[in-house]
């Protein structure tokens, strides 16, 4: 870091990125901010309402519920996907043809369009034509993701675990590959147990990729929209209506532009805040070590 | 009259080949048995995981080769009346297959734009300090955190007002919102792994910046560029919300066209499955090309 | 504490080795006596690290046996062999403190904590790490890290041998010397068998009592540094040990007019010891190589009828001595001149004392009566 050269001309290199991201981020964001403080009737009629919409959004119980569901969902999938991903990474073969085959196979779910992911599970979970649904009814579980709120929620979680554990696994796999062989050799000579190897060699080297993994998974699960939309449409009731879905319902469904814009900003800020808190905590924890 | 006591035969003796055959059954120690069991367990676990992972996809594939009557008449692991009818329908109907072309077009555009703007910027972040560099970097990354749902409406209005609505470039630009920050971030990781001395040597050898960048630096981070392109492809290919909102007919992505399978006579499951299978194939092709770099790539150049 | 025996050992990384080149270790037998300090010296890629990993059990040899105190250990994993190994790049457990690092091998085998503490403090004292014990291992310098990894081997009472795989590669030159002395001191104190792999002859000879020189997957000579210098058993030893290495030139055996064998280099007769000549004659060797160390080439100050007249190519001044390069019958050779010796130019007379003219057939030394008894000092006096 210290060896970086001070050079303000470097801005010219960053300028294209700035322009392109500004075009697709700043202008829309300004629009959102603009909407959030106005009451819009039609294209030409609008009133400045100040923080009115923000107040309304903060007090809206539907949104509170969506927020709670969202946190619950993100927490659940993190608790499942992170350990599972580490486990899969540890099981993956390290050398040869089987290693690259495993890599490609594991990565497949990541490359499927999100609505197709929803479709796959929509089919897979149905009792009449889906293997999973049929399996559940064969073993005597009363399972129907379309009518039972808990089943719907569990299916969305299962789908997300299916869809995104590969990302965590591949991140961890690359982290594991970066550990030099001598560490394992030294550990064997020191008569370390399998657990000790994991705890003192593998886990410390995985910290970096795990931070990336947790951040990515938190962010992306917090924005989840397409997959549950296709699978459950947010129902039954609103049991799988997460924040994005609630927002789209409000903005497009009811065309409540003002409140939707205020909601958008609050939503964005929550993500930024949680990520920032998470990031700084981890960084401080590392420093203390 | 012999040579010294350290006489050796420089070729492996014939006896050695004999012993290879007659080696006794190895006696495994406790620890070795444990290690072998552990390998076997993890191999078994891996196979189990892969089966569970691929089962839903297989189910989709299986269904795509069935007729709707067979799908609805009961479960079977293999299509009894194997049919390519569903695929024929897709390839025979331009409103279907144009969806694939549209998707591919905007994904490739996005990949090219993202790489072109991200390469110099990533170089700047990895090599120089400049006013506001840290803030700029964080601001870029924060865009990766922006939920597409937030930008849905403003995007729609913005692109409509500049006349880009329902064009490929509109989707490509919209996807830059999350792909450009990601590309900068990944490339910065790879570039920081290249020693600065290489730049200095090149400048001393009389290379100008553009010449150095294209001739020397880019070849050095080839695998990083491959990985970045892969991630840009991936996130642009799988995104639907923005792509669907910004298009109506001309640039409509395949994923959005798939909703057409609901007709008056109910769901056309076979067609839906076939369309779904076809969306998976490009991804598999792309990952095959970068397979040797995936391990490093998934750490985003930051291990 | 153990004596390590390698019995008809061979190793190949390929699954179906068919030619000699497929073997990283070619069939060899060797004994490292208990308590010795040994070096395994050779160029990179000669198989020395492979051999070390076979001893520690990280690799299983394709053929042959490894014995510790006469007991076969082939099937034992490294953790069961009670071996310590120090690697080229220091391996420390980053997240642990120095204390925990040193305690790690003990805790793994369930040593009671009070014993761990006393043992760790004892070893830290020896390695001069006592004031670092509470630090995270991550922040240590390379030489301290290397000491920690060495310490993990020393804390165990049951360690039968410590293996070093070029442990000083990443250490600064001025610290290398210190650390090497520390090693030597530890060896004297603990009386543990130590095997030290290196490609640096100086490092090998300062550390070890006996050096095994490895070449092409085989130990070509095992002896004291002096033996390796005075009586290289293989042309590679002559070439690798010493600076500059041995002079070599090809010769052939032809009978003279009386039918007695002579050794000829081109049209010049080279005189060698009679017993060697006799041995050579009986071997019916096709390719004979002669070798003489630059240190033993005698350079005469004046004209001498018994010496060969050669052409001086150039003289290199290396401070305390000079290296003379000359053309001997078209062959470039080197001789070492002592500080006070006259620097020759143009034509000069050199001779090769019989005692130091080594004869090699198929790269191996022809040695009729084993190691020689004459010491170098006497011989040098004699030559002068």
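Each chain carries a letter (A, B and C) given by its place in the written order, and its residues are counted from 1.
Throughout what follows, a residue touches a chain if its C-beta (ideal position, glycine included) is under 8 Å from a C-beta of that chain, and two chains touch if they have at least 3 such contacts.
Here's who's who by UniProt: A = Carbohydrate ABC transporter membrane protein 1 (CUT1 family); B = Carbohydrate ABC transporter membrane protein 2 (CUT1 family); C = Carbohydrate ABC transporter ATP-binding protein (CUT1 family).
Quick caveat, the model's predicted, so the values are computed rather than measured.
Q: What is the chain whose Cα centre is as far as it gets from that of subunit A?
A: C
Q: Using the stated contact rule, I'd like to know whether A-C or A-B comes out ahead in C-beta pair count.
A: A-B
Q: Whose Cα centre is nearest the centre of all Cα atoms in view?
A: Of all chains shown, the one whose C-alpha centroid lies nearest the global centroid is B.
Q: Measure off the straight-line distance from the CA centroid of subunit B to the CA centroid of subunit C, and report it in whole Å.
A: 51
Q: Approximately how many whole Å separate the CA-defined centres of subunit A and subunit C?
A: 58
Q: Report the inter-centroid distance (CA atoms only) between subunit A and subunit B in whole Å.
A: 17
Q: Which positions in subunit C are in touch with at least two other chains?
A: If we look for residues of subunit C contacting two or more partner chains, we find 77, 79.
Q: Give every residue of subunit A touching subunit B within the complex, in rising order.
A: 3-11, 13-14, 16-18, 20-21, 23-25, 27-29, 31-32, 87-88, 90-93, 100, 102-116, 119-121, 123-124, 128-132, 134, 162, 166-167, 170-171, 173-175, 177-178, 194, 208-209, 212, 219, 222-223, 225-226, 243-245, 247-248, 251-252, 257, 260-261, 264-265, 267-268, 271-272, 275
Q: Spell out the residues on subunit A that touch subunit C in their complex, using ranges where they run on.
A: 180, 182-183, 185-186, 188-193, 196, 200-201, 204, 289
Q: Using the touch definition up top, name the residues of subunit B that touch subunit A in the complex.
A: Those in contact with subunit A are residues 38, 42-43, 45-46, 49-50, 52-57, 59-60, 63, 71-72, 75, 113, 116-118, 120-121, 123-125, 127-131, 133, 136, 140, 142-155, 157-158, 173-174, 176-177, 180-181, 184, 196, 234, 237-241, 254-256, 258, 269, 272-273, 276, 279-280, 282-284, 286-288, 291-292, 294-300, 302-303.
Q: Tell me, which parts of subunit C touch subunit A in their complex?
A: 53, 56-58, 77-79, 83-85, 87-89, 91, 93-96, 104-105, 108-109, 136, 138, 149, 152-153
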